[in-house]
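Next come two complexes built around chain A: one with chain B, the other with chain C.
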Partner chain A sequence: MFWKKRKSGSDRKQNDPNKEVENTTLTLDTLKNIVVNMDDAEIIERQINPDHKVTLLYIRTLINQERLNDEIIEPLIHHSPAPIHECINVCKASKVNDLDEAQRQLMEGAILLSDRSEDQWLAIKLENPLSRSIESSETETILFGPKDSFSEQIEQNVTLIRRRLPLTTLKTEKFTVGSLTRTPIVLMYIEGLTNPELITIAKSKILTIDYDLFLDSSQVAAFMEDHVHSIFPQFQQTDRPDSCVYALGAGKLTILVGNTPFALIAPITFFDLFISPDDYIHRWLIGSFLRGVRFVSFFLSLTMIPLYVAINTHHYQMFPLQVLFVLLESRSKLPFTPFWEAFLMLIIIEIIIEASLRMPTKTGQTLGVIGGIVIGQASVEAGFASKVLIVTVGISTIASFLVPNYLMVKANRLLLFAFMLLSSILGIFGMALGFIIVLVHLNGLTSLKQPYFAPIAPLHMSDWNDLFIRVPLQWIKRRPVSLYPLQKWRSSRRR
Partner chain B sequence: MTHIKRVVLLMIIMNIVLLSGCSSFFVENNTVEEIAPVIFWSIQEGESGKLKISTLVPPLINEKKSMLTLQVNLLKQGRKDFNLVYYRELKSGQLRMLFISEELAKKGILPLIDTLLTDPDISQRLYLVVIKGNFEDYIRNQVDKQENLDYFLYRMLKHYETKNQGDITVINLHQFLKRLYSPFSDPILPVFKVNKENFIYHGTAFFKDDKLVATISDMNDQILQLLNNDYYLKLLPIPSLAVSLGQIRSKVIIKLASDYSSISIKVNLVGRIEEYRGDKNIVDSDELEDLNQEIKSYLEKQTTALLRNMQQWKVDPLQVGTHSLTPFSQPIKDEEWLRKWGDMELQINYQLDLQTMTNVNK
Partner chain C sequence: MPSPSLFEKSSPFSGVYFMLMVNRMQMLYFFIIMPRHLVHPYMIMGIMAVGILSQVNLMLLSKWFSSNFSVQGYQGFVQLLGERTVRVFAFLGLFLILLRITVMTLGFVEIAHQYIFPSMTSNWLILSIFIVCFYLASQGMENTIRFVVIAFLSTIWMVIIYYSFFFPPIASMHDLYPLMPPEWSAISWKGLLLVWSSLSGVEFLVCLTPWLRPKQKMLKYLTIANTISVLEYLVLFISSLLFFSSNYLVKTKYPVLDMVRYLQFPAYERIDIVLISVHLFVLVFVNSIFILLFYGATRILLGKGVQQTTRMGFAASFIIILVSILIVNQWFWKSGEEQNIWLNLQIGVGAFTYLLVPAFLLVATKLKGRFKV
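Moving on to the complex of A and B:
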């Protein structure tokens, strides 16, 4: 009695918009029936000559009206005896035979044109090219290097990649997902280079996706991931075409999703999330140094606050007297235990970070000032937090943003809370336990069925030249062995 | 199913680890603001065979400090009783210095040292210091004048320990015990002289087993630093020759005669003359050579006297006996070695390589 009665199968079928007008023949009346109550649907009927009547049906908001006038209406007015498909000025016109197809074409920005004389319907693609221009990436900014980034137009995104990889072997396979959104997905790979097993896995995963709404590529990734409950991203999301091209060249797959600027790259490893296009632009020593800083800062952001909690709660005897002197001095009059003190400060930091993402840019400065004062000064003066913790939280938070991948940044923040809890209960031993659990988990993870912790486990020593340090490009002769590409060597001489 | 298996396996491993005693579920409350991690204990002889143990509270915090003193029979009793007289729990996990009175050291400190050694809280990097005078009076007198007095004493010892600064002897619990329990080796400890106003480095104390037998100071102490402890002296003033040597590094080569009748100690000294107020013109090579000879004979005389004293006291802080060890023969017994060491003929030879300061001219 506490459960709602399950609806019968027939009820559910009625709710499915796709099944609504099944098995109906394609006529003007059935089409009119479909567009009833659609304000932006337009039907134009025109008598060209006494025995030739033409009907146009389209959704005004989805098509390019200028092109409609120039390429269809104009030629029809000056109609010659030739068949309609010969006199209109568009290159892509296809015959439509059933109602389903007609509906699909209509909603993808096509004009349905009926030629009564020949008793046929033509679909002419005239999509509205409504899109923003190509801008620079806001999520993965770099100082030097290509500035362009993807937009919401999938065709434009494919163009950006094709321009960088002018290859006939660069394949683009199109799929559609989402019963309501009908989001286009383009799977890109280089034939003859990418491991075919990866392509098969990706295709099978895409084909099994069954859901109604897909508004971003992360939702597509969620359906393709091997491990749904892991906090680590198993697909790399990027809006940089150069990152996608680098991945394609290494033997990975790129999945472009319609109506979002973020493409998916797979399979990835844990270490790929620390790689920025910057690494390959700088001199190799500087690139390696920056990558090292990123790894160190990830480690610091994960350990500094738990270490503070652990020392202050359990291990006063393990630390140099100088450190203890500072800690004791700063904590001597605080009302909270180290765990709650750190927890409160971290929650405040998270609130400020979230607020800064949502707030308009102009109010961002105010937020920064208020955040700075609240976190930095007021909490210390009010006696809620110690100065050492403020410094620790500050460094830890800034360090966490050095990882180029935003999903990884968020994973890092959540891990931090877990580590903090462990360190407050078990001290440094708890942190060690936490690291063991994370390592075990990372070793078990896969991305497109490929090991996530490669090239460390399984060990591929030849991939280490682009792991923690980035050796000179001339020395990176092989594509990542962990991906098993069909062409192992980057140099054309050794192919 | 595999996930369940993994979780169960992980739980088992965690339980094994936790039950093995690594966890801190049932350990003491160590929240730093609630405890007082003391950094020194001063131990003197008390009344009727008791120990008089003192410390300074609160440690490491800029609050008004006071001295706690107790007369106890046992060291641990003192540790326990301190908690009863102070509102924060006194923890010994950061105990860094142990000041032992000279009188107590002369009677033997092995029970004290063993107690400290077996305490898992107490680090082996605990500095041991012998005190000549009343340390309590010094602390009581200085505590109002100097904030964090205890902390600065620790910083002083740590400073001279790091990289062997070549001025004073600094020995920690581990080093003391290593010397105590090693064959052919006797421990040493630094000696500080205190009165109400001052805390002055006096020299080095020689121990026979765990009992203090003698103290050396001034030039003898400096020579000990060169021969054994630091092999480096930043400054060596020799007032009787009106010369100050600086940046001296020594290389000591010890050779024992096969029948243990004599010992030859060759010391190569490299350094420079940093100050000279004597009558010689040391820019002149002949006069410089004369000065070198004087320094050489002075050092040889002093070293011989020092070693003679060691022979008399039957102590071997230079660990000369270790040179008697050879790969394929049975080691000589400790008592036999000390007997032979006492009768050994000494051949001390210094080789000096001293640079002159160019602006010294007459």
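Moving on to the complex of A and C:
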């Protein structure tokens, strides 16, 4: 009622660049026409015997040339009398009937082989397995536990998950998104465990994606999110196979996206973003303590600087006299109000963080340390910031990075500015209003149509055993109720 | 902005949500001023007696929750009372809701004004609170009801702070005697009326029954809620008595907050500023529920109860409430005398509705001959 209707599927097809040569039949000439001005396109024509001629068409940069020689050209030369499909029986070949299919296969690293004697086209998959090796995760490092991480090869990523979940019920449904990039997407779930409603929602969201370029899974997530304008991530991005397997086992979905090592996990809750694989590796008390530290750090990082601004601007009376003396002495020569003082320091910190991220690792580290110390010290000496603020900003910034999810860290930093503004206007009262706004927002958020602030709102007390603390694994007998899994119990005896 | 269906009912709520709502509605505002009006130690028994009476009332209310009419929401009321009568009640409900929101909000704003921002125009505080209420209410009834869990968890811990007042050196058991009243006056009756009125607000939940999961053991949840509220009242009143004693209790306007000002921690003082700010969670939640009820009552009054909700209608209801409160704050709330009138009016009206609504609904249901045992 309040929103414009989406374009129908037939309208969207008009944007597909590969539809330029629609209504043309699959012939060598039309294919030659298509690969005009493509330097890496190769056409090989070979006379096998007097009345048998084959043509090979492929994109050189997309195929494995060694395999081309060994598995196709060599057999064709040496077994020329035999039928084509017998010569190349080592490869996976499929018949191609139309031009669209031929183009798609060609661009996915297949060799198109024209067998003129039988008047047919075959597509033989020989894609170049261009990939880096399996390395450890750089974004979600842990001390103990599995070290492998995803790479840009989607098939390899599926393998990493399948090795951990050797189940026939682990389903992988493939989709393609992006009219230009034709990025493959694999939707993974455990049939008979995951709530079918979630699968239906995810599929319908993937099928309605209409865009040209997809270079990372975050872009896919952007099209699948329920709330586009929220600063909170509604899909968890991870490059750790064990995180994906844990999510699948809990009844969630995993979406692998081609050419990126980051998979998507959904539906998620706000609290999932504070969970690290470490939590389930440590002893439960230590795991719970570390998780608690993360929550406290998030809260501190969000409140320390606004509290400094609020107290210094509106509530001096909240400090005991001894503390007040320290603060007054520290701020006595500053030309700025507490808000501008904190704002400037936070902007400087953001600049240093961004600069150290963009620079080479070692230079970045040096820049972070030297920049932080030198600029902090100089700001105090120059009278731009108080010592108390420097300490506050330092603790707040470090605390913000304890959250395992980087997208959440960024959301936290942005919220900090909003809280600072509110606290400068209305003090602690303003901060309380800010918290209410954020919690109202979180209360209304959904991830794949499931409540984002579960298990608090809606209240699912049985899920609290893995929320702020992580109880012993033996006690986590049920899968999260908020996901409505088909198999509620983790123990096989209780199914 | 408001969703197209503010009163959507996609996932019914368990009785726990109603339990939390009842408790937070009973802990909204009057508990802050209550010790000053109760004064005497024997009012401890008074609070317990009123708590038991409230329990009886909640039993009547739980009968309504289990009736066939309540499940049908608006249609149930129409079947029970007839459309014309429902409209009349909706009309009366508008004023009751408006009065309740006005007194609670202005009472809270006055406290914030006195303790946090003495030099700020209180209209700005009202506006900022109501913007947040609008945001919450615009997310629809389901999300607003769900927010009660956050409001409850954010504020329930505050009562723990008062434990320290049970053990100060000046506290004496003698401050809690006599437990039986040596004499009884009109002021004592007024104190009991205030406690009764403090426990009111629950009666408005009869309008939220369609969001309640059917066949809930509501009496259990309502009993727990009422018991928690009464215990909180007792903790606050006894700690006020121990801290101020009866002689000085009558001299403080907001004893529950004044005593917290004396708490000192190594790094900070004036914890009352934090407590008042955090209490906003409850105020925003309750106001948002009442804003939605106000809009719902307006729709019934205009005969549009079954039609789709609209942004304009919701915004108009919100603006009416906001402007009314600003007008009352600007011209009718300033002096102590007028303020007392509003407060006394709400105490009386709240007590009256809390007493009559459950009984009336039960009698009406019995008379209709369809009461489900």
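Points worth noting:
We adopt the following convention: the second predicted complex is superposed on the first by the 468 of 495 C-alpha atoms of A that agree within 3 Å, B and C clash if a C-alpha of one lies under 4 Å from a C-alpha of the other, contacts with A are read in each partner's own complex, and residues count from 1 in each chain.
Here, a contact is a pair of C-beta atoms (placed from the backbone, for glycine too) under 8 Å apart; a residue touches a chain by one contact, two chains touch by 3 or more.
These numbers come from a predicted model, not from an experiment.
For the composite obtained by superposing both complexes on chain A, the positions of chain B and chain C are in clash. Judged by the touch definition given at the top, the superposed model places A:L459 against chain C, while chain B stays out of reach.
In the overlay built on the shared chain, the residue A:N312 is in contact with chain B alone; chain C does not reach it. In the superposed model, A:I437 makes contact with both chain B and chain C. After overlaying the two complexes on the shared chain, residue contacts for A:A382 are found with neither chain B nor chain C. By the touch criterion defined above, A:T337 lies against chain B but remains apart from chain C after alignment on the C-alpha atoms of chain A.
Look at A:V323: by the touch rule set out above, it reaches chain C but stays clear of chain B. Legend: residue contacts after superposition of the two complexes on their common chain; A:L215 is shown touching neither chain B nor chain C. Within the superposed arrangement, the part of chain B that overlaps chain C, taken from 8-16, 152-160, 260-268 or 350-358, is 8-16. Once the two complexes are overlaid on chain A, the chain A residues touched by chain B in the first and by chain C in the second are 314-315, 317, 426-427, 429, 433, 437, 440, 444. The touching residues of chain A, counted against chain B in their complex, run 311-317, 321, 324-325, 327-329, 331-334, 337-338, 425-427, 429, 433, 437, 440, 444.
On chain B, the positions that touch chain A within their shared complex are 6, 10, 14, 17, 22-25, 27, 30-33, 35, 37, 39, 60-63, 91, 93-94, 96, 121, 123, 151, 154. Residue ranges of chain C in contact with chain A, taken from their complex: 4, 11, 13-14, 16-17, 112, 116-117, 125, 128-129, 132, 135-136, 139, 143, 146-147, 149-150, 153-154, 264, 266-270, 273-274, 276-278, 280-281, 284, 308, 311. Those residues of chain A lying in contact with chain C across their complex are 1-2, 314-315, 317-320, 323, 426-433, 436-437, 439-440, 443-444, 451, 453, 456-459.
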